[in-house]
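Look for chain A in each of the two complexes below; its partner is chain B in the first and chain C in the second.
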Partner chain A sequence: MLRLENVNAFYGHIQALHEVSLEVSAGEIVCLIGANGAGKTTTLMSIMGVVSTPQGKILFEDEDITGRPTPSIVHKGISCVPEGRRIFPQLTVMENLDMGFYPRRDRPAEFEEDLERVFQLFPVLKERKDQLGGTLSGGQQQMLALARGLMARPKLLLLDEPSLGLAPLLVEQVMESIVEINKQGTTVLLVEQNALMALEISHRGYVLETGAITISGDSQELMANAQVRSSYLGA
Partner chain B sequence: MQQIVAGLALGSIYGLVALGYNFIFNAVGIVNLAQGDFVMLGGYIYGGTLTLLLGLPFLPALVLTAIAMAIFGIISQRIVYYPLRDAHPRMVMLSTIALGIFLKNISLIAWGTYPVSVSGLFGQRGLRIAGVSILYQYIFILICVIILLAIQQFFFKKTTVGKSMRAVAQDRLAAMLMGIDAYKMIAITFAYSSTLAAIGGVLLAPVFMVSQVLANVGLKGFAACVIGGWGDITGAVIGGLVVGLVEVFSASYISSVYKDAIVFAILIGFLIFRPQGILGRATEVSL
Partner chain C sequence: MGNSRLRNICLVIIFVLLACAEPLITSRFYKFVLALAVINVIMVTGLHVIFGLTGQIFMGMAGFWGIGSYILALATTKMGLGFWPALILSSVGVGFMGVVLGIPTLRLKGYYLSITTIGFGEITRFILMNWSAVTGGVFGVFNIPRPHFGGFVLTNDAHFYYFSLALAAILAVVAAILEDSKYGTAFKGVRDDELAADAIGIDSTGIKVMAFVTCGLFVGIGAGLYSSLLTYISPEVFTLEESFRFVTMVLVGGIGFLPGAIVGAVVLTFLPEMLRFLQAWYLAIYGLIVLGIVIYQPGGIAGALQGFLERRRLARGEGKQYGTA
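After this line comes the complex of A and B, so read on.
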């Protein structure tokens, strides 16, 4: 579904990604793990067309989307839940969800149906639908960010550090909802520092180190890999 | 009573100008220092060209002025903001100053140095009650501004474009990740701010005469922003009304010569003692 071929990305003169190649097939959860500053977010931002003109090739459903403007990439069916959630603080929960629906605004009839779906996943959002986004707790904001991403009915959902800054119990809950989202038919590319969590729920994984992919494989294999265990799983 | 109505009417125009500042400020983090010149330009297009030269009646002249200024807003953001969108906000503000100077001089060439006088719908006629006389134009201004604010409220709360504009103002990257074309929304924001300025110019034309001096309402609108709190939509209206009332009352009870000085003294007072304004939250913006 998504394929990156030898992608290089730059911030000014600094090269943030070196020849990154990875693949996500339909129906999978693929995780991308690595330390802070390894280039995980840059990878996602390159896919979304936010990093200006990465080199290499980014293909989505066999179509070259490298360097396309962000809105056109979103309309093709990729949604991104960014790091730090970035919900709209002065919009209500409903208005935030409405913004998530933006790529499908020409089919207003489906809005209620999608709303029902995300409210089923995250009942707390229904209770707080008229509250301003900025007044939600961290966990609720993460749920809103996920729900907002789902409102676009994406084929592929990119998640950037969904566990960041959440209490362990909430991390568990968010991870469970990611599995549920995937079961309902959305392909997921998950970026995480919490490697254990990410490997537990994903099918395959890639390890990113200083801008380059160093290890890849089935998540079960990666969990058994000595290098991954010592560097990322604290074992 | 006369003063209150006059103050509220003038103040509501300052409020419109302040709203124009705030929408652009919220969307792109800069102060469009040509906002007052936009009011002047709106006044000239309406008074100088459409009314006096072409003899159009009020309503078509108003609508055409608003459309012309909306297009002008989009063009000016393309020239003044877009090429500098990744530069420091200070650069963009400098370029808006340049735009203001350009507009003042262009208007001298296009409409001459003599002030243009327009009588508006009501001329100097007024409503007489209990010995006081209130100009119809003032009442008309108030009604227009109230209707405009109601439309604006509906637009930003209920329409997708309005909500998207708010989303872009709050978090541009997140809005882009929703598939919103942020730069298109910013262009619409400039168009809307310019339209507000145009309506201000049209409504003020019968009160003041249209000349380069009309651009000074930009300063009053700026004061209204500071007093109400930068970026706050309600604050802009409140700030505008405060400025209008202070101006009219100090003209009648203190000195008509120093009315502007008094307004700006209050502005300075706010900058020193309450820079976040009446409704604003304390924030740090580095310029």
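After this line comes the complex of A and C, so read on.
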């Protein structure tokens, strides 16, 4: 479904990604783990076309989307839940969801259906639909960010650190909803520092170190891998 | 501030008060200031879209205002256009300036955008001053006509005032409708978090260009009326100081709340005139008042109003607006 071939990305003269190649097949949860500054977010932002034009090839459903403008990428079926949630604090929950639907505003008929779906996944959002986004708790904001991403009805959902800054119980809840979203047919590329959680819920994983993929394989295998265990699982 | 009912109620109250104010003012000078205030209301409605809703600190209002004023002035006096086509031309012309200014500068964010728009305003003033063959240079443009309905010309200042007020009300309604639309939400999304808006597929550059164009269309109408009210314009009016004054109107009103910006426009049109008896001191006092508002009421008029409503609701024991914690 998504394939990166030898992608390089730069911030000015500094190279952030070195020949990154990875693949996500339809129906999978694939995780990308690694330390701070390894290039995980840069990888997602390169896919979304948000930061600097990357070199190499990014293919989505066999179509080259490298360096395309973000709205057209979202239109093709990729949507992103950015790091730190980045919901719109001065907009209500409902307006935040409206914004998620914005790229599909030419199909207003589907709005109710999608809204129903995200409210079913996150009932708390329905309760608080008229509340300003900024007044939600951290966990609720993360749910709102996920819901906003889903309103674009993506085939592929990119998640950047959904566990960031959440209490352990909430992390578990968010991870469960990611599994549920995947079961409902959305493919997920998950970027996480919480490597254990990410590997537990994903099918396959990639390890990113200083801008390059160093290890990849089934999540079960990675969890058993000695290097992964010592570097990322603290075992 | 996403309370559109509160906004609509406030708008109705403000426009009714403005309509009642004209006969109550006896001085001819203050009647004139009132008309200027309503023209500023129209222009600040434009600024509200780009600054209040979309969050772009636009410091080039004097540029938009100057261009709009000159388009109407030159179209009526030199090209022989009637008032109405000239007014449409000044609106569309400044709207087009929104594109011209927008596309190259909108990749700039925050302070960089502000500084660029300051440059835009200043360049506009210098062009108006020095392109004498077209603009008449420092001597300005004379004999700009008043609006007319058929043979009825609005030479009477009161008639002109009510005509401007009607236009201001219509434009405020247009701005309110825009604010409540999908695009209004997108404006606010870009204001809240531009990167997030980009990441979820909102074309933030396109949204900002749209906001600039909308601002231009509104300001063009206000600027055209300004030319027509004064019947004489010259370039030295359209200074950076005026651009700051428009931004201050929005700040005093409370960012993102249209009735606040409108009250801010009226207050900041009258305040300098009323403080004029202080002569050299007036700028200092004016500055202190504005500073006081920013320090003690950073939410502006809107913040004060919402604080008041919230306290009243609590006093009535209705508790917080949202039930379960």
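Here are some notes:
As a working rule, the second predicted complex is superposed on the first by the 235 of 235 C-alpha atoms of A that agree within 3 Å, B and C clash if a C-alpha of one lies under 4 Å from a C-alpha of the other, contacts with A are read in each partner's own complex, and residues count from 1 in each chain.
Just so it is clear, contacts are C-beta pairs under 8 Å (C-beta built on N, C-alpha and C of every residue); 3 or more make two chains touch, one makes a residue touch a chain.
Computed from a predicted structure; not experimentally measured.
In this overlay on chain A, chain B clashes with chain C.
Legend: residue contacts after superposition of the two complexes on their common chain; A:82 is shown touching both chain B and chain C.
When the shared chain is aligned, no partner comes close enough to touch A:11: not chain B, not chain C.
In the superposition on chain A, contact is made by A:103 with both chain B and chain C.
By the touch criterion defined above, A:131 lies against chain C but remains apart from chain B after alignment on the C-alpha atoms of chain A.
Taking chain A as the reference chain, the count of touched residues is higher for C when chain B and chain C are set side by side. Shared contact residues of chain A with chain B and chain C: 48, 50, 69-71, 74-75, 79-80, 82, 86-91, 95, 98-100, 102-103, 105, 148, 152. For chain C in complex with chain A, the residues that touch the partner chain are 1-2, 182, 185-186, 188-189, 191-193, 195-203, 256, 322, 324. Note for the complex: chain A touches chain C at residues 45, 48, 50, 69-71, 73-75, 79-80, 82, 86-92, 95, 98-100, 102-103, 105, 127-128, 130-132, 135, 148-149, 152. Chain contact summary for the complex, chain B toward chain A: residues 160, 163-164, 166-167, 170-171, 173-181.
Considering their complex, residues 48, 50, 69-71, 74-75, 79-80, 82, 86-91, 95, 98-100, 102-103, 105, 148, 152 of chain A touch chain B.
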